[in-house]
Each structure stands twice: as structure tokens, then as C-alpha cells.
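For reference, the structures are reproduced in the following blocks.
Next come two complexes, and both contain chain A; in the first it sits with chain B, in the second with chain C.
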Partner chain A sequence: MNPYLYMTKMKLLLSMNYRFDFFTKLAVQVILLFVTSFFWKAAYRGIDTVQMVNEQQMIIYSVMSIVLASVFTASVESNIRSKVRQGNVAVDYIKPVNVFWMYFAEDIGNMVTNIIQRVAPVLICASFFIVVPKPVSLAHFLLFLTSSCFSFLILWLISALVGLFYFKVIEMGPIGIIKDYLIRLLAGTFVPIWFFPSSVQTVLQFLPFIYTYQLPLSIFIGRTSLNDALWGMLIQILWVLIFFALFVRLKNHVERNILVQGG
Partner chain B sequence: MKTLLRYFSLAKYFLKINIQCGLEYPSYLISWLISNPLQFFFGIITVKVIITNFHALEGWSFEQIAFLYGLGIISHGLSVVFFIQTWYIDYMITDGEFDRLMVRPLNVFFQFCFKDFNFVGITDMLPGLVIFIYGCIASGFSFTVINIIKILLVIIGATALRGAIYTISGSLAFWTKRSGILTSVYLTLFTYTTQYPVSIFPRLIQDLLTFILPLAFISYFPSSEFFGIDTGYRFMGSLSVWTFGVGIAFYLLSMTVFKIGLRRYESCGS
Partner chain C sequence: MEQKTTPPVIKAVNLSKEFITKKKESGIKGAVKNLFFAKNTVKKAVDGISFEVQRGEIVGFIGPNGAGKSTTIKMMCGILNPSGGEVWINGLSPKKDRQVIVKDLGVVFGQRSQLYWDLRLGESFELLRRIYEVDKAKYDATMEDLDRILNINDIINTPVRQLSLGQRMRGDLAAAMLHSPALLFLDEPTIGLDVEVKYSICKFIKEINKKYQTTVILTTHDLDDVQALCDRIIIINDGKIVSDSSLEDIIDKTSPERQLIVDLYTDDIQLEHPRAEVVKIEGQRVTLKFRKTEISASELISYISKQYAIRDLSLVETDIDDVIRQIYKQQREPVV
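Our next item is the complex of A and B:
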């Protein structure tokens, strides 16, 4: 079997084993689902449309945001972190594969598991109790899917870039958490950027964050027209290329002098 | 009296060792000092953005929510300082860590409580304090002696309540051997029920948060008392005192659960 396919499969099987883990994660997801929908219902009380988005659209936005967040996993960074700390990274480099393709394959495995295990329950729960998250049209839905793939690539590359730093500094504490908080705020995962002051919005246009969550989500609810969606995806591709170029450069630099500590 | 003094001096000693442990890795401390406050400042920015677009949340202005939000985070930070060991009870059980505590001639619950004094938790508390003081000033909160005593009662009660819930859920590991993952569920619950007015939820959930799992007492009820906002619930006397009472009562309950659980303890580690 192709070694990458095998790693994807192993990750899939492994994560199915942790059933208790699965239920608690699901519980967190369901709590989030209800809290955000109640939150927006309270905010929209007596108000019809804000920034061209109505209550229904906003709730679909947050449901799909939770769905995306549960699909997108990039464990590459924490993977490198723990492996560098314990010295296991040396073992990975002995394997006759490209190390980063291996990490990527593992994350794809995680993602497939997440789609099976987490997306379905969240969507079912949302449809029964909150709202049926229906895309505006088939075209919007297809663009949403494509755009989400690019989003994943951007997020994965950011995560991998942060991971590369661990080779250099060995331990820098919760820097990954800072990155996660930044993405959570600036990518519009909870509150879309269109509610922010216009100057902030202009600045964020030139940063990669809104192209990770907000773009696919606003395509899904139809706030972004099909034409704008295509332009947005072009910018997404641009960011993927920029991050990939950066990643390759940094990787080559880092791999030349890897320090293995631990046993 | 003599035992009490002995426990007191031991607690001081545990505290000293724990602070020294925490200072062992200063770079770690610094990065927590950046990341933890960031989270809460981002949270309050989110609220600000929402209120600017939607004017108010269930009749609460931004300044009032800042007060409630800050108050909630202060007790969160304190509970992280004092009760973090409850998040890992399951590891202590499966590793047989309790064996060590049980052979010592000291109360196990006491040792357990003072085992870990995680003063990194202060980095959680500081942003709460900043946001809370901002909320106090901006919302015209009057700093009278009575009000300050009330706030202190609320903080003690809320911290005890959070700690109690962590202890109870952690003690479940005496039966199930695993409970640590539940912490993430509780943290999510705590976050969303203490940082926004509970009135955004339907009445049924408000009832649950008042009478079953009384998280509404952590910041929502006391704040509504200070601002004179009607919550739709009637209580005898001051709500701040209620928070204190509920917190202490839950803490005593959690002690009992812990003790019953400890009897079931079998060291399954090696």
C-alpha cells in the first residue's frame, strides 16, 4: 500500500478508538452550537438585518463555522512540538518518506475521521433543534466546498510554519495557542469581520485570516456573490502559494541542522 | 488547635514550594502571560463589536457586560490557581499517586488541595481584573464599603463554586478511572454562562443554571443586582450573599463526594 495512504488509515483507526473522547468533544460542540444560536437570537431581537445579513443567515453562518472548525485539524504543529521535545523526530527522519508529506497525510486522516464522527452529529443536531443549514444554491455550495479546501491548506501551512519554529527554539511555550486565538478572532469564526470598524476590515483584507473561515462561510450563506467568491478564491490560492514558498524555504533551512535531544 | 496550626504551617510550606516550581521556567510564564490575557481581551472585543452593531444584548449595555465578564474571569482565574489539580484526578488515580498521599499522617483532602498551587493562573485573573475595573468605572459602579464586601463575597463564592464542580467531576474518576476530558465540557459551559448575561438563553436553560447547576450565581445574578436589572427570579436578601452561600454549600458537597470516592480508591497504577 502507498505509505501515505497507510498513515491516513492508521490515524483513522486510532482516533476511532477513543470513544469517550469522542463524546466529550461532541458535547462541547453541541454546547457551542446552542450558545451561539441563542446569542445571535438575543442580538437580533427587534432588529431585522444588520450589515446585509439577517438572523437566519447569521445562525447558519455560526453552525457552519462550528462544522468547519471541527473538520479543520492541523496537528502538524503540536506533532512537531512534542516530537522535537522528546527527540522522536529523529525516528521520523529515518523513515523512507518525506516527513512533511507524512504529517500532511496524518492530518488528512484526522480530517476524514472528523467528517464522519463530528460533522454528521452536529449537522443533525442543528437541523433538528436550531436551523437546517441550507446553502443558498448548488453553485454557492460547490464554491463553498472548493473554498474550504483552500482554507484548510492555508491553515495547515500556517500550522506547519509555526511547527518549523520548534526545530529552532525547541520550546517556546504556548505560542501555538496565540496563533489559534488570533485566527479565532480575525478569521471571523464567531463574529464575522463585517461587523468590525471599516478601517479594521480594510487591514484584514490584506491578511490571510479572513480567507480561512469567513470567505467560505459567507459564500455558503450567500452574502458573497458568485463573482466575488471566485475573486476571493484567487486570493486564497495566492496565499497558499505564498505560504508554500515560505514553508519550502524555511524547511530546507531548518532540515540542514536538526538538533535531536532526549532519548 | 495544635493540628490546625500544623496544617496551616504545612500549607504555607506547600505554597512556597509551588511558587518556586512555577518560577523554574520563566519563559513559560512569560508566554502564558501573553496568551491568556489575549484570549479574554479578544472575547471582550467581540462583545464590543456586537453591541456597536446591535445596540444592546437583552438590555445589557457594553459597560455592564464588561463588569459581568470581568467578574466572571476573576473567579475563573482564582479557580485555576487553587483547583487545577482537580483536572488531573484521573491521572493521579491511574498512576497510583494517591498511595503516596494516603500513607502520610495527614488529611488526604488537605494534601490534595494544597498539592498544586498553580500561580500561572494569575495570568488568567489579571485581564479579568482589568476588564472588571473598566466595567466598574464605565458603568458608574459606586465603591461603597458594602459594595466592596459584596464583591469579595461573590468572588469567594464563585471561586468555591467553580472549584466544587471541578472537584465533583474529577472525583467521578474514582468510579470511572477517567474524567479529565470532562474538564473541557465544564470549561466551555463556564465560559458561556459567566461571560454573557444568562438571560440570552431560553427560560428552561435559565432555570437549569439557577436551580440545578447554579452557574448563574457566578457572575450573572450578582451583576444584575448591582445594576438593578430584573432577572425574573426572586430571592430573599442579597444575591451576592446567595452566591457566597451557594459556593460554600457546593464546596462542602464536593468534599463529601471526594471522601466517598476515596473509599473506592484502588491503586491501579504501578
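Our next item is the complex of A and C:
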């Protein structure tokens, strides 16, 4: 078996072992599920549709947003951060592998674990107590899946880019966490961007964030037409290419001057 | 292929590494100052070293803390790029061909582990087997060998985080040897290990060196290991090579004197010899200092026994720790 695939498998088996982690994270998600659905029920009281989206669609949007957030993990950043701090990057680089493919394989393993462990419980819980998150059509659903893959690539590359910065600065304090929440906010995970002032919306059109969460989610609920979905995915691909180019440049720079801490 | 021009396994020419660090001032005022005018300080960790290592050699890299040993090793495996000079491993530059070189290289950093913390030891081995593309039959044969010397099978099913330091080190050594590399870098492989494990690791290194002609570069602060293993010793101090020779040569050059302690039956001792020096006389005990090159111990003993009856005697060889300490002290004055 290919070493990268084996890494994915190992990560998968490994994270299956963390029971405690599993239950606490699940609990957080279920709470989030109820809180957001109550929030939208309250917000929509007496209102039929806002910005072409009705209450039902909006609640499905937030359920699926929680599902996506629980699937997407990019541990590259924290991985590199702890390795740089402890000087353990060295042991990754003494192996004849592409180190970042290895990190990517690890994250794929984590993601498969999340799909197996976390998606089903959240979906079941939502279907019983809140709403059955049904896509508008099969075509929309398939586009949603494809678009989500691109979303993951964008998020992973952003995470890897930030991770590469740790080679340079070693310590960035809380910037990492702030960045995560900022991305989530600007990506429309909590409140979709169409509720923002139109000037903000225009600016966000030109930034990558809404192409991580909002695009696949609004495809799922049918707010984005199939045609627009394809256009959106084209922009996603563009962002993937831009971030990939940046990533390769920064990675080459860092590898040329790798900073290994201590002896 | 003719053997006439086998290139050296390692060739370093004028290899240097400078670390640039920002000098930081403490306190709040300092922190603000650091933001704008952090001063760069340059630290020459490795300062123009040159050497060659041939296939099958076991070379000990020794030197005081911070001498630049680990930095040199890191440059040789391509994890750090030299800031000056160059190094070639089998004719290839680690800077350009890291992935190729590393395929036939085993590295152990004593203070770090390449094993996966949460997994069984065997799981890490399985991953490495795939990374190095070792086929199953070869892998099994190697594992059998490794088990015989390092008792790997006792710990193969234990999660790495539950291993003791010595067990983990055995695991790390096995991990570095799994693909039978032709070149082995061991950076303090015996740090914190008990005598038993240390002995088995030394035995292991010797065995693979003999069996497969593995070239080994070893850094350690344990001179017993060096004495047991290394044909050749490179002493580094302050980023420079201060000595490159065999251990005997070093002893002969820096501290060629041995001591002979003789217990006699009398305390009325009048002893003199043109090629030995009487250091002290204490009751019935005489201590003499002499050079191996000038007089042999037996010659000296028979000279004494002609004058006095000898009750007991002992020969004190130079303490290598002393010798090395002496070399560390004479910084930058090459011992040639």
C-alpha cells in the first residue's frame, strides 16, 4: 500500500480510539444545533421569506453548516505549530516522502473519521427534533458534494499557509484561533452573508471565504441555481489555484531555509 | 563496476552554518523596542569544517555542548541548509536531492523520536516499511535481526507513549535500521540509557558495521561508547575541527604519559631512572610517570625489581576523559 494511503488509514484507526473527544465534540454540536434552530425560528417569526430564503431553508442551512464544520478539519496548522516548537520537523524531513502530502493524508484520515463518527449522529438528531435536511434535488446534492470538496481544499491550503508561517515566527499567540473564527464568520457559517450590508457583501465576493461554507450550503438549500453553482465552483477552483501557487512558493522558501529548533 | 574510484560516502568542504537570531530585550519597554529595532546577532554554529568519510567507517563526532555537532549532522541529512561551503553524500547534495539521499539513510536523534506517539510500535514500523518500500520478506528478515540484538519483539505491541526511555530508544534505532541504510547518523543514541542497553546498542552498531559495511557517524558525550566503537574521532569545538584521528593517536599526542604505581616492602626508597620521573613517594608506595615511546612498562618494572622487592603494582592508563577535556580547553589550537 502507498505510504500516504497507509497514513490515512492509520490516522483513521487512531482517531477512532478517542472516545472522550468523540462524545464531548458531539455534545457541543448537538447544543449548537438546537441553539441555531431556535435562533432562526425566533428571527423568522411572522416573516415568510428573507432574501429568497424561507424559515425551513434557513434551518436546513444551519444544520448543514454544522455538519460541514464537523467534517472539515485541517490539523496541518496545529501540527506544524507543535512540531516547529518542539523541533520535531526534523524527523519528518529525514523520511523520503513529500512531507506535506503526508500532512494532507493525515487530514484526509481525520476527515473520513469525522464523516463516519460525527455526520450520522448530527443528521439523525436534526431529523428527529428539528428538520429533515433534504437537498432540493439530486443535481443540487451532487453539486453540493463537489463544491464541498473544493471548500475543503481552500480551507486546507489556508491552514497549511498559516502553518508555514510558524517556521518563520514560531509564535503567533492567539492569531490562529482568531483567524479560525474570522473565517467562519466571513464564510457565513453562523449568519449567511446575504444578511450583511450590501457593501460588505460586495467586498466578500472578492474574498475566498464565502466560497468555503456559504457556496455549498446555498447550493444545498437551492438558493443558488445550478447555473450559478457552476460559476461559483469555477471561482472556487480559481481560489484553490491561487492558494496552491502561494503555498508552493512559501513551502519552497521555507524548505530552502528550514528552521529546525535546538539541537 | 570496478572498485578503484569509490567516492567518499561523505565529503564536506568548508561547511559552515550561521544562525541569525534576534537579540531581544526584556520588559515591556524592551518588547516595544524589539518590534522596531530588534538587533540581529550572528552565531557561527559550524565554522568551515572539511572532512571525508569512507564506506564502512565508524566515526565519532565529539565536542562540548553547543560545539556544532548536531548542526553538522542536520546539514548532512538536508534538514538544514549550509550557509557556506558544501557537503556531498555519495556525491549528491542534500540540499537538492534530499529525498534521494534520505532513502538510504538512517537517522536517530537521541532527544527526538520518529515513532508515532499514540500508536503501537509495530504500527510505526509498518508505516516506515511502506515509506521506504521494503518488501515483506526483506522486512521480516531485518526485523528478526533487529529483534535478536535489540529485543524488539518484547515491545512491538506497546504504544510508544508507554515505553521507557531505553525501550523507546531501541524502537527508534530499529526504526532507523528498518530499510538497512548504508549510512547511519546517530546523534546521542545512548543518552540516558542503562549499561545493559548501552552495551547492546554498541554491539548492534558494531555488528551491522561488520556485516553490511554500514558507515556510521556517531555523536555522544559518553567516551566509553566512543572507545568501544569508533576507529576515528573528529573533535569539534566552537564550530571548528580541532582534531581528526584515532583515539590512540589522540592519547599519544596530547597525553602520552602513563603512571606506574609500585608498592615495596620498605619505606626507605631511593629511586631514579633517566627515562621515568618519580612523581611521589608515600610510605612504601612509589608513583612513576613515563612515556610509552621512551620506555616500556616491563622494562621499568624489571629495573625497579632489581633494586627492591615488589609487593604489588598497577599501571594507570591515561584517562580519556582527561585527554578530551584537555583538548576542549585548548580552544582553536589544533592538535597536530
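In the analysis below, the second predicted complex is superposed on the first by the 261 of 263 C-alpha atoms of A that agree within 3 Å, B and C clash if a C-alpha of one lies under 4 Å from a C-alpha of the other, contacts with A are read in each partner's own complex, and residues count from 1 in each chain.
In the analysis below, a residue touches a chain if its C-beta (ideal position, glycine included) is under 8 Å from a C-beta of that chain, and two chains touch if they have at least 3 such contacts.
Just so it is clear, the model here is predicted, and its values are computed rather than measured.
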Quick one: is A:Asn257 in contact with chain B, with chain C, with both, or with neither? Answer first, second, both or neither. second
Residue contacts on chain A - larger count, chain B or chain C: B
Between chain B and chain C, whom does A:Val97 touch in the aligned arrangement: first, second, both, or neither? second
Once the structures are superposed on A, label A:Val35 by its partner contacts, choosing first (chain B), second (chain C), both or neither. first
Which of the two partners, first being chain B and second being chain C, lies in contact with A:Ile47: first, second, both, or neither? first
Chain A residues where the chain B and chain C footprints coincide none
Residue numbers on chain B that touch chain A, as the complex places them: 27-28, 30-32, 34-35, 38-39, 42, 45-46, 49-50, 52-55, 57-58, 178, 181-182, 184-185, 188-189, 192, 196, 199-202, 205
What residues on chain C touch chain A, complex-wise? 66, 69-71, 74, 77-81, 98-100, 102-103, 105, 107, 109, 112-114, 116, 118-119, 123, 126-128, 130-132
State the interface residues of chain A toward chain C in the complex, per the touch definition above. 1-3, 6-7, 10, 14, 17, 86-91, 93-98, 256-258, 260, 263
Footprint of chain B on chain A - complex, ascending: 20-21, 24-25, 27-28, 31-32, 35, 38-39, 41-45, 47, 50-51, 171-175, 177-178, 181, 184-185, 190-191, 195-196
